[in-house]
Amino acid sequence: MELKILNIGILTWLTFLPVLGMIIVLLLPKEQKSAIRWTSLGITLLQVVFASILFTKFDRTLAGVNNADTMQFKEVFNWINVHSTGWFGSIKIDYFLGIDGISMPMVFLTALISCVAVISSWSIEKSLKGYFALLLLLDTGMMGVFVALDFFLFYIFWEIMLLPMYFLIGVWGGPRREYAAIKFFLYTLLGSVLLLLAMLALYFSVTIIDPASGEKIHTFNMLAMMNPANYDAGSILSGIHTTWRYLAYVAIFIGFAIKVPIFPFHTWLPDAHVEAPTAISVILAGVLLKMGTYGLLRIGFPIFPDAAMHYLYPLAFLGFINIIYGAFCALAQKDFKKLIAYSSVSHMGIVILGIAAMNTQGMLGGMLQMFNHGTITAMLFLIVGVIYDRAHTRGVDEFGGLMNKMPKYSGIMIVAFFAAIGLPGLSGFISEAFSFLGAFQTFRWLTIASAFGIVLTAGYMLWTLQRVFLGTLPERWNDLTDINTREMIMLIPLGIIVLVLGLYPNLMLDVMNTSANTLVDFVRANAGVAVGN
Amino acid sequence: MIPELKIALAILLLPLASFVLLIFFGKRFMDKAGHIGAAFLGLDLILALFTFGSRMGTEGKWDFTFTWIDFHTMVNNVPLKIDIGMMVDNLTAVMLVVVTLISFLVHLFSLAYMKGDIRYSRYYANLGIFTFSMLGIVLTNNYLLMYVFWELVGLSSYLLIGHWYEKKSASDASKKAFIVNRVGDLGFFIGIMIVWMQFSTLTFDGIFGAIGTGVIPFDSNTWLTAAGLLIFCGAVGKSAQFPLHVWLPDAMEGPTPVSALIHAATMVAAGVYLVARTFPMLTADALMVIAYTGAITAFIAASIAIVQNDIKKILAYSTVSQLGYMVMGLGVGAYSAGVMHLVTHAAFKAGLFLASGSVIHAMHNALHHQHDHHTDAQDVRNMGGLKSKMPFTFWTMLIFTLAISGVPLTSGFLSKDEILAGTLAFSHFTGHSIIPIIGFLVAGLTAFYMFRMLILTFMGEHQDKQRYDHVHESPFVMTVPLMVLAALSFFFFFSLNPISASHGWFFEKMTYPTVVVPAAAAATPTEEFVEEVHHQHTMAMVLSVGVSGLGILLAFVTYFWKKISADAFEKTLKPLHTFLYNKWYFDELYDATAVAAMMGIAKVLSWFDGAIVDGIVNGAGWLAKLVSNISSKFDSYVVDGAVNFIAYFAGLLGLSLRKVQTGKVQTYMILAIIGLMVLMAMYM
Amino acid sequence: MTITLTHFLIVSAILFSFGIYAVISRRNAIMVLMGIELILNSANINFLAFSRFGGMNIEGQMAAVFVIILAAAEAAVALAIVLNIYKRFHTVNVDEISFLKD
Amino acid sequence: MLETILSNLNNILPEVVVTVTLCLVLILHLIDRKNAQNLMLLAVAGLFTALYVLTTQIGLNNSTFSGMLSVDPFATYFKIVIILSTIVVAVMSRFSDEINDEKKTSGEYYFLILSMALGMMFMVGASNLLMMYLTLEMSSLTSYVASGFTRKAKDSTEASLKYLLYGAFSSGIMLYGISLIYGLTGTLDIVGVNHVLMQGSSSQLALIVASIMILVGFGYKISAVPFHFWTPDVYEGAPTTITAFLSVASKAAGFAMMMRAFKVMFIDSSVTSLPPGAWTLISGVHIQNALMILAVLTMTLGNLVALWQDNVKRLLAYSSIAQAGYMLLGLVVLSSDGFAAVMIYFVVYLFMNLGAFYVVMLIANKTKSENIDDYKGLGKRTPLLSVALAVFLVSLTGLPPTAGFIGKWMIFLSLINAKMIGIAVIGVLNSVVSLYYYVRIIRNMFLRDGQPNEEPIKFPLAQNILLMSLLIPTLYFGLFFNELIQFAQFSVQMFGLK
């Protein structure tokens, strides 16, 4: 599967369009505010178009996962090539892009959410040139993470996101923005340095025959790392169920768990969300959180099948804690945004539970939940943003009766809220149901306990709904206006996706199905295979 | 897909169409919205009747199944896929008629009742989505879709209860209804998970077929029982069975027609329908639990209904009690009777609600006339003597009351004593004689409190003369539905034999499903049971007529001839009265336990999250600062002392990272030498 | 008794210790510099002693010569700096010159 | 005799060029004292010539002056680093107000810089213990003076005194160590020492004492804990340009000398079983653990104390201590790839650290302050400069896609390759800690607002060009480090070893 524009692969386009946009934005004079806005919008829209093209052209029957031949829209160029000097052997790093069923939905999601974020940033006034430049850079980082198949490249993209995020929260955020920003930065960096070490350990454990020169070389190629045959006997990570393999897996896990975020690494999330501007919250919840789980699926599970299987129950247990704990915390929040933030913790728990099930339904449910949560929570944060822009407060108890005041707004809100509750007919239900169905087959009691979360979710969601939208409108909000066209434009598409996926999930499931099956089979099959001998 | 099913599909989709139309363009139609909705439902009803007719002619059932999601993988050599679809058998056909008929009548009734409501079109839209989901429940042939529509009726009921959401009480009630139902649905969902895990299919046929061949969850009858009971949890929630019955009375915050449609006739009956559908896989133990749940519910609700004064509250509790009856009926194994009671009850209970609605409507207008906004228009004590003012309403109401009290010649009589006969049979086989006792007791209570309500409302005379003059009979759109339903409350619609339904068409068509439970765990085989029921029938009939007659008599003695003073009774039995009046304090109990616990945990956890989890992490970050601050004090104290090696040595050991940078170059040299010595010391 | 290598080493060791002690205990910058000279010369003694007694090559003595020269150069620079210090601080007590610190 | 000297001369042609240049600078200074510009241009021109000559020497691998100096790829590599940083420092001195205030003596200034450079260039080549001591002193002596260059400033003077005393003291100890080595082996030529030690039979104790005493000298030069104490004070007191120079060039020279000394003296060349590139120490030489401890202490202390600094120069001083810690990790590995990693790190470090100091200097020129609080709102007042500083700091932290990441990456690569996981973990955790104080500066520049009435700061083109020439490599090497690694790995070979 090849797709080139101007003889440049489409994935490269997808990834580096924002950089292009960033350069344009930087070249534009400060005063040209609308020009800057429109450029960013144009770029992100173009991204969405490309993503949609990918989506239609994507071959549902190819699995990918650990097989380079069935990866689609591949692009491989040699990037770094240090000839052998007899010590490390040659260092060869490839610019290796490609997508399969695991990354395709994420790519689409990223494009979509970025575009929505740009629209929702329209009203930003404070040094918006820098704002959009950073936003676009962030976009590149996110997209890169989802398309990179070379660990080194993956890591570069992974880290590129940190700084823009730091500034976006720190400069355009709320009152406690500095604290939130540095907290996010330190947490994520801590995670990624562990990732770095694991990456290096893998690098030295894996050897392939360089197709070009025919010599044996180490590699950062993720797919090569998944192949047991490639491990050198006696290297750090060779063998099976060895301490080193467990340590490496745990290191990688923590790296990703911080992003997800999995209890107890989640405390950066509420702060970051509350302080971040709406658009950034949307990106955080919509895309960044998914990177954690994506990392587990792309790296954690297939590269360390034995460790993954060994730590399956703890993983599921953490998922359970996330679900219940997040829901309870949400129940107690007075701040609308913080409430949604904790609901994210709870919903991501479902993803964890689903993928921990390590069977088709669970895996599919988890992956679908990743996408659905991305769209739903984005809607929720946008909804909070809309009300915050008007009222400049997020206190849940300060509102009431908005239903009459803002009918259009409330209509959309109902869709989003009930999608979050997991009402059938909306996308949330399918993914949650599959996650639980799958998980139940692996962890009976744990799943039953976790399912309690759906009651709690209904509880805090409806309570919030009642406090904010029902009842009578306080005097002070008499001049609130219903949402305007721009806000409609950013909310409606998400709403439609939520609805469509609720009625016809196959649209997404088809894309993931083959890869999910392959992943599950691969992990289960290789869990018992000792690598490197 | 055969044409009959195409029609069924049309039946399903018509209300949805009405919903879509009204939700988006409702504002355009102004007050025509109602007529549009009604029109759609009218058409729906016709189709339903047609389907009913053609269905009754044939055998077996119409089924259409297709693969919704194919996972493209095998689980123990069976391709893993989710099949869904729709089916129409006799039960479905009957339910179709019931739902569409009552929904249609309610649409009509509301034309007048909801006139000039602020959200008139929204109201009709919601009625549409409700009808759609309800029809979905009865048309589906698998638990997945069942669950889907199950949740959707929950949603529409949430929307309709909260129709007047400006009222705190209304929005509270709607929230309560949804969440309490969620609790039940949780069980339902877990049940589904068990079933799915074991059989990798969710269609009724697939599951029952598998069980029939001896495959049962985790190879244990206990798990089979568990699965059944968990699915039953869904019913407990929807059909307001003990202990989840608390939401239904509050749900009366919704408009009265809604109460009639959702909280009396159809949605709450969905639970019973679910049990009926699941009947084949229910083990003896499961049935036992179900029977007791029903009995307890029936009794508790009846006891509460006696002392209520709000006309709708009385009806609400009678509904709960009657639902308990049906569940009990199914629990004891009287399948057809239970289902039949569902249908008959749907008719007369809808009638009762609509009639009460008509009364409330009249009272409202009256009160409105004299600008009285304090008097409660729903309190039976403010009524009385309305008979002559509202003849239609009264007479229809009387018929419904007779029906629910199980007086002969009514539909209620037929279904009720079939159930009672069933309970007798049940006790005969199992020895659980408490069940029939409760059954008859409740029958008596029902007759009593229903007539109490009737008498207080329509007979005697009205206290407020002036208000009385302003009371008028409701318009035709409201009374016509009443008459229709009244007609349906007579026996001949269900069986030509006025004293026994067992040979009527209903029992003919509504045959027992074949039970697939392994013999070891199964309840009494159907044949024996039916046989026994026949023996018990006469006995049951006599007794039931007796107790209900007694109840009615007592009601008249107390409230009409006033031979016995109700107040005196109240006085003497004060504690009991308050206990009942406060609904056995269930709400208080739950608030004090479940709700309080939830919020408590939530508060604690979120504090924990902020203070501890976060604190620990931040703490780690600042550890360096801490250490060096502490040690710096110590150090500055020591450094001020004489310049001696040990002191510096100690200072260095004390991790005084920063304070050693004293600016005194000789200090540095000393430290360097110490370092040197330490390094050397390591090798000696 | 005959003077052996050991004696020289002991002397140089003592000298070295004195040097260290002077360096860290004297307050006057000049004295500190003297201490440093002692250290250097103790090293010189080693060099000479080793090349004389160890039956070794001339390298050691050559080293000593270089060190002496270097010491002279160092002294020159040092004195210049100390002079400058005196101009600024009107003292040459090293422990009073501690404005740069944490 | 004479022709041997002459023949040797073209081996040290770069040094000769530098020497000539510094004489010319002195002469020019005598001719007219006013014109600092010409002096700078002359110096830079000379340095570029030297650089050119150096490039012709790449690949040269022999020893000269009867084994006193070796001219091998290793030396050449470091000489290039030194010359490059000298050029940068020379140019940036032109923009430094501190230096320009000393108009009359600017000739001496460039003379000092050049002679420091000269000393360092000899250091990296020195392959004889005596030579090492002499060259070390040569660069030190000039450094003492240079750090006290701005005589009017008390800080500067104090700095020079402390530097002098501490330097002389620790080099004295080193000399004593050398004398002991001489006693043990009867030679000062490091290759010779190696041969003697290989035969064993030399007193363990004396060897340990001697080697650690020598370590003191090196430790002082590369400011490794616990021999670092002079660093913060001197770095803070000395003129920013000199601080920058010390933090990069003299550290590089120190490292080069240390690496050469330890490798050549203590390597056990008889062991052949090892994988290519790895090597072991002669039994009884425990320098590795010592280095490990030093490395861990150095980076940890550097980072922890840096958390507390409010003076940016002092903060960077501690940061440079921490950086030295990371580089020491490269030595601990005891394999050529570790050395290569260190060498790569130095090139990266050259750009990012000089860049950071350069920006600090420029800002100090305008705001007359090095206090971190005065950096508030700079992001608005001078975006380019602030962004550049941000990049340099991020690079110092070691985040992609900056060159700093590649430096750290290579270090950890070699650590993991040697299965030294634990110490690698300490290393990465340290880099997380370091993020905190680097970001403090960034935060003040962008997240905090300064006084309302502050007007934007503009900088002349020339200064921006220098900035760019530091910024661009910092980013470029972050993504395209092929040649860099290639060249470093080629340059690891020393004279007298395979």
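Order as written gives the chain letters A, B, C and D; numbering starts at 1 within each chain.
Here is the rule we go by: contacts are C-beta pairs under 8 Å (C-beta built on N, C-alpha and C of every residue); 3 or more make two chains touch, one makes a residue touch a chain.
What you see is a predicted model, and the numbers here were worked out from it, not measured in a lab.
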Chain pair with the higher count of C-beta pairs in contact (A-D, B-D): A-D
Chain whose averaged C-alpha position falls nearest the assembly-wide average: A
Distance between the centres, which are taken as Cα means, of subunit D and subunit B, whole angstrom: 78
Distance from subunit D to subunit A - Cα centre to Cα centre, in angstrom: 43
Centre distance in Å when subunit A and subunit C are each reduced to the mean of their C-alpha atoms: 66
Centre-to-centre distance between subunit B and subunit A (centres being mean Cα positions), rounded to whole Å: 38
In subunit D, residues with contacts to at least two other chains: 161-162, 165, 169, 173, 232-233, 305, 308, 436
Sites on subunit B at which at least two other chains make contact: 621, 658, 661, 663, 665, 669
Interface hub residues of subunit A, defined as touching at least two other chains: 186
Chain pairs in mutual contact under the definition given at the outset: A-B, A-D, B-C, B-D, C-D
Contacting residues of subunit A [partner subunit D, same complex]: 80-83, 85-88, 91, 127, 155-156, 159-160, 162-163, 166-167, 170-171, 177-178, 181-182, 185-186, 189-190, 193-194, 196-197, 200-201, 203-204, 236, 247
Complex interface listing, subunit B residues touching subunit D: 621, 624-625, 628, 657-658, 660-661, 663, 665, 667-669, 671-672, 674-676, 679-680, 682-684
Footprint of subunit B on subunit D - complex, ascending: 161-162, 165-166, 169-170, 173, 205, 208-209, 212-213, 215-216, 220, 225-227, 229-230, 232-233, 286, 289-290, 293, 301, 304-305, 307-308, 433, 436
Contact set on subunit D toward subunit A in their complex: 276-278, 335-337, 340, 380, 394, 399-401, 405, 409, 412-413, 416-417, 419, 421, 424-425, 428-429, 431-432, 435-436, 439, 443, 446-447, 480-482, 485-486, 489-490
Complex contacts: residues of subunit B adjacent to subunit C: 658-659, 661-666, 669-670, 673
